[in-house]
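The following pair of complexes shares a single chain, chain A, combined with chain B in the former and chain C in the latter.
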Partner chain A sequence: MDERSTGLHSIGDAMGRHAQDIDALWDVMLWVCGFMYLLVVGFLLLALFRRGPRRDINDHTQAHEERGLSASLATWTGLIALGLFGLTLFSYFTDRSLVQAAADAQIAIKITGHQWWWEIEYTDPNDPSRQLRTANELHLPVGTPVKISLESRDVIHSFWVPSLHGKQDLIPGRDNDIEILADKEGVYRGICAEFCGLQHSKMHLDVVVESKDGYSAWYERQLQAASPPSDPLAERGHGVFMATACNMCHTISGTDAGGSTGPDLTHVASRRFIAAGALQNHRDNMRAWLANPQAIKPGNHMPIVSLSADQLDALTAYLGTLQ
Partner chain B sequence: MERTESIGRKKARPKEAPGGHKTQKNLWAWGLDNSLDACDANGITSSMTRSRNKISFVCLSPTGGFLRARFCAALPVLFLLSACHRENRYFTPPSQSDIPPTQVRMSGLVAGEASLQFREQQRREYEGNAYHVSEGKRLYMWFNCYGCHASGGGDSGPPLMDDRWIYGGEIDQIYLTIVQGRPNGMPAFGGKIPSQQVWQLAAYVRSMGGHGPKSARSGRDDHMQRDSEQGRKDEEIKPTAEPR
Partner chain C sequence: MSANATEGTHDGEWLDERETRWRLDRTWSQGRGWLAALSTVDHKQVAKRYFVTAFVFFFLAGVLALLMRLQLSRAENALIGPDLYNQLFTMHGSTMMFLFAVPIMEGLAVYFVPLMCGTRAIAFPRLNAFSYWVYLFGGIMLWVAFALNIGPDAGWFAYTPLSGPEYSPGKRVDFWAQMITFTELSGLAVAIEIVATIFKQRAPGMALNRMPLFLWSMLVMAFMILFAMPSVMLASTFLIMDRLVGTHFFNAAEGGDALLWQHLFWFFGHPEVYIIFIPALGIVSAVVSAFTRRPIFGYPFMVLALIAIGFLGFGLWVHHMFTTGLPRLGSSFYTAASMVIAIPSGIQIYCWIATMWQGKPRFATPLLFVVGFILVFVIGGLTGVMLASVPMDLQLHDTYFVVAHFHYVLIGGAVFPLLAGTYFWYPKVTGRMLSERLGKWNFWTLFIGFNIAFFPMHYLGLAGMPRRVYTYGQGLGWDSLNLVSTVGAVLVAISILILIVNLVRSRKHGEMAGANPWDAPTLEWATPSPPPTYNFRHIPLVASADPLWQHREQLPVMRGLSVDKRELVLTTVLDAKPDVREPVAKPSIWPFISAIAVGAMFIASIFTPWAVIFGSIPAAIAITVWFWPKGAPPPDEEESEP
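Then we have the complex of A and B:
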């Protein structure tokens, strides 16, 4: 199996209200344009194989044939006008439906685009202690409208989960937002849809839509601080994390590590992928990533930190305990 | 009459020297007509205009034009070649980029011998490379150098864009300052920042003071640019202010 992230990733598999609207518009466009295309090809074939003008016919017969042609041309023009008008009308209503905000968006999420990963913050205006910061894995409860505000810290990115909604750009210095209402549980894949630099193609977002209970359980789990490692290897890894370059950029809540320029690692072991969908999250991949991130995502902003094989093993073991 | 004609517009000029007609065209093709117009506007007399036509006629014989065309065609290629190193992106550090402190000499007052060769090599490697300098700029914010040194002008920490350095302003000296820390507040980042990133930071710090090729230096941040609206207003006010 491919190491890349998996999940539904098609506007044809519409699993949210907005995506269904877009899917319907797509279907209408396909049928209208397909019909017109077949007509054009049909007329082209007709023109190719039509008999040339006969010398022996009289003016009367010719005028009769011309009349037939004029009538079909008028019908043709009418069809074009009708088709375009229909498409315009349909796209207008689709657009209107897309921007109609549900008044009761119950969850507010802020997603910040970085080169090349997604920072995700669940905000709670009533209780700051329930704010949550994670990365590259978005969990949503099924059937609940969610408002996502989109920001960027460096260049323009674009948030696109085709099974849930259309694209929305993340623009530095500008606040954009998008609303999502997922109808079905499942795992969907999102990607960055605006070229944003070297590793644009490895900037995936894992969207997990689960039952409301499952979501609350996940949320409560994520709110907890990391528990101190129990086995000696992981304990040594904890020491490596704190003593070397790791904690300059990464946070593990419950420890001294508080860097904020890289992804939050408090529950990194619970995620399905690492490096924004570039690798599946298991021990060997994690070790390879720590040993040389530049070999896996050349140009990404995680540097090569020179660690001995022992240190790498310990660090991998420690990160594996961060469930 | 002749004078006013020559002071006037482009149309007037070819009449002056019939043989110079072609030359004028050549000149215009190279985009030099604007400078000629500027001269005219400053009130150069007709005789000067005529003599200038003659001179330019000599300079821009057909072969001269051809040579110049070839030269101009070669220029962009030369520029491209000279910019090659500037654009390279090195993601993995060269094998020996850590330096032992003995290789760095802080000033003439301190004993020891700096390896000038090593210094030159690191300058070439990092200061001349736009990618390294811009990465250094990113790290400067990420690791909060900004917190004490501001944008190079200094705050609670000393400024970095002037030429007064207590512990040396060469790239290897800055490297060691970052790694070892210095008295009165500069923390030691040794072991916390990989050596390649320290070199990138040092290259960026050097670029603040105008060191290294201009082509590799990062542009000034948007928020530090003079507000364009305000700038326009300033320019509008100036010419209208009458001396009293």
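Then we have the complex of A and C:
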């Protein structure tokens, strides 16, 4: 797997505290259940192919054997009960530890689910001006507990980054949250895990876990407004963005574009993917996306805006400057 | 108690065997021609329609599954777009659950419960005909909608608000919701018939503790239907009202609650799994007993296990909702409840294997499918234990691990037993044996194909692949196992084709079966294959749990039922002592007409709420004619002979 392109996305690659706890539980479950399965298969094969006396309906002299089988039924039932009791306890304590960690979260983030992308807001309780809004790419400092509150504007979505933690649903009218604590730097992939309509399949999320310094630097960069385009092509692209439908739905801070229906594009060029993981973020892909988003992600809410080839080139160049 | 000289009674005269048959045939005749075909109330005739209809839906839904597997066979495949794909999995799930799995079990009950009870007809035979027609119309409506590209696309679970008026405009979800109304109405009617037949029409002497386990399982299934299905009918009615008349049951913005849907749906949805699985347990018990030539070991434990599963099945629904943010401590109780259900299931598995241990297994196709059932289902049960744990479920929920899990449970726990039952009972229904050679091919291709198709999905789920995605990107490492899975699915399809060939060919060319080809112990084998319309020439008397093994030569019978009137004997609930003679309804076209009227009302109400008012008029008229008192005198009870 090319980690640079898509990031880790597996329950087995547990890189967060919670995912590791669950992974440990999985190991126990696998061993206990595997053992029980072997017992059943062994008993079944023995029962079918054993040698020795067998009896059918005409033979009523089997009282002794009945007793033996009844005793082992009791043993079997006891074994199942014991196994289940053990697993239930283990599961319970794992669950407690997952929940308890929520107390000491240091960063508060709000994620809002949309059909079919993720809106991400960082808030600073001490300084409202340091609020940050981005989309589809979550940056976190390593080793820091983070509390994410989850909301939805439309249908039910589910936040899931398997390498970091299990799922939590985003439900309209309900306040859910999840805490994650990433142990290792790296890129982890998330995906919406509750069927949410046409493009449920293409609703990815990247989680970039960086050193604390790297995270702070990213945060400061993201706080800046977009710098005005310098080269003429990009400048023309800026004009296209403002003159066509783009600015109705998207925000680019530092400009007049203030729409809130689609993702914030202030630093869109800094993101690894476009369209919630549908395409890698480079010039050709961006141009293809702008030309016809419906071909790449059919049914998504971004309309086809008819632009000439020149306009497309210019717009692509402009968006490419939004680092 | 030999039946050579004297046979039935007719106005006090004794009739010989030929005369008895002739008169019974005349009395119970269903008539000929298309009108008679629409009017029949013979439970076997109706059940055969259930079998064929449900199998057709099984086949169609299987084709959809194959299409989905083709689409997923490689990354970024462009074969099927999201709009069609979402319809495909919605139709696949809805059809398999509502139009195949439950109806086929109901059909099995409709055919075999009266025969195993040793009675002449099902209770409420006209209601039985009505419920089949309602089921058929509901299924046709859904598939016609799909064929017109207005098939539902919000999943078989239709979570709100995605399925609500705002996010699923158009009529797609309405067809789904109305299909629920059809099939659940039909299911509730069948459940009532089964409970009444088992409680009141068992052959004299078949006390509850002598009832075959198959009857017990059908009884538990019927009670589960009665308690579970109203919940989903309520939910789907709320949904239709939200969509059609602007109520806000599920709209959080107006004080409704999106999660209410999930509670109502899963309070039905989880028992639904057991509604499918419990009859399968009954099939397995019947097959194991017949093919080891032993009564099932631990009969009382088996009965208690069935009842325990029936009760516990209602206490687990929240384990479908662990990720919705419900209070975590409370969720832990549902973990415990979900795990507890492994105990009765484990007891059942043990008792079957113990029966094989004691007896002399005969490796005919039905027993092969039972062995396949144990090997496959136990894996599904164990992954179920994993999913019952809240932390595990947080990771595994809505991934392909769950897809693997419930296909191991449902194909392993229901389709394998159903095929065992098919090979076991086909001779009874048609009079001819299925080919054993094709049967073995059928088994091995299914067993191997199924495992190739579904085992890799466990790994895909662990590797992070979510359910209900129409495509996935390259570089996630999911490509090769998805391709393997698709190859397995093709093998499963081949297996089903072998089954179809076997079913069709054996109908004409199979070996003649005779009344009891497997030397099985229960009453359905005490009458010719296929059984006459009146089921039994004389009502058998039962003195043990395995009547045909106890009385090898001649089953003791009860006399005294008229050969010139349709009637049967009712017995007491616990001990099955003869109680009264009960007249049985004659064929009637009105159940069919009522079903059309009710169906028209349901379908029209998708388009306008006024249909409920105006549509109820023809329905009321049809049902009134159906139930119009005939003025027949009550049966004379003194006449019945001890």
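As a convention for this text, the second predicted complex is superposed on the first by the 293 of 323 C-alpha atoms of A that agree within 3 Å, B and C clash if a C-alpha of one lies under 4 Å from a C-alpha of the other, contacts with A are read in each partner's own complex, and residues count from 1 in each chain.
Going forward, contacts are C-beta pairs under 8 Å (C-beta built on N, C-alpha and C of every residue); 3 or more make two chains touch, one makes a residue touch a chain.
Only a predicted model underlies this, so the values are computations on that prediction, with no experimental measurement involved.
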Between chain B and chain C, which makes contact with more of the residues in chain A? C
Touched partner set for A:Ile80, first chain B, second chain C, both or neither: second
Contacts for A:Pro298 in the overlay, against chain B (first) and chain C (second): which applies, first, second, both or neither? both
Which superposed partner A:Thr261 touches (first chain B, second chain C, both, neither): first
So, A:Trp31: does it touch chain B (first), chain C (second), both, or neither? neither
Just checking: does A:Thr244 make contact with chain B only, chain C only, both, or neither of them? Give me first, second, both or neither. first
Overlapping contact positions on chain A, where the chain C interface meets the chain B interface: 198, 298-299
Would you tell me which residues of chain B are touching chain A in their complex? 89, 91-93, 138, 142-143, 191-194, 196-197
Help me check something: in the complex, which residues belonging to chain C touch chain A? 81-83, 86, 154-155, 159, 161-162, 166-167, 252-253, 257-259, 292-295, 297-298, 301, 323-325, 328, 331-332, 335-336, 339-340, 342-343, 346-347, 349-351, 353-354, 356-361, 371, 374-375, 378-379, 382-383, 385-386, 388-399, 461-464, 466-473, 475-477, 521, 546, 549
The answer for chain A against chain C in the complex is residues 1-2, 5-6, 9-12, 19, 21-22, 25-26, 29, 33, 36-37, 40-41, 43-44, 46-48, 50, 54-57, 62, 65-66, 69-70, 72-73, 76-77, 80-81, 84, 87-88, 91-92, 94-95, 98-99, 115, 154-156, 158, 160, 162, 165-169, 171-174, 176, 189, 191-202, 277, 298-299
Which residues of chain A touch chain B once you look at their complex with the stated criterion? 198, 243-245, 248-249, 261, 292, 294, 298-299, 301, 303-306
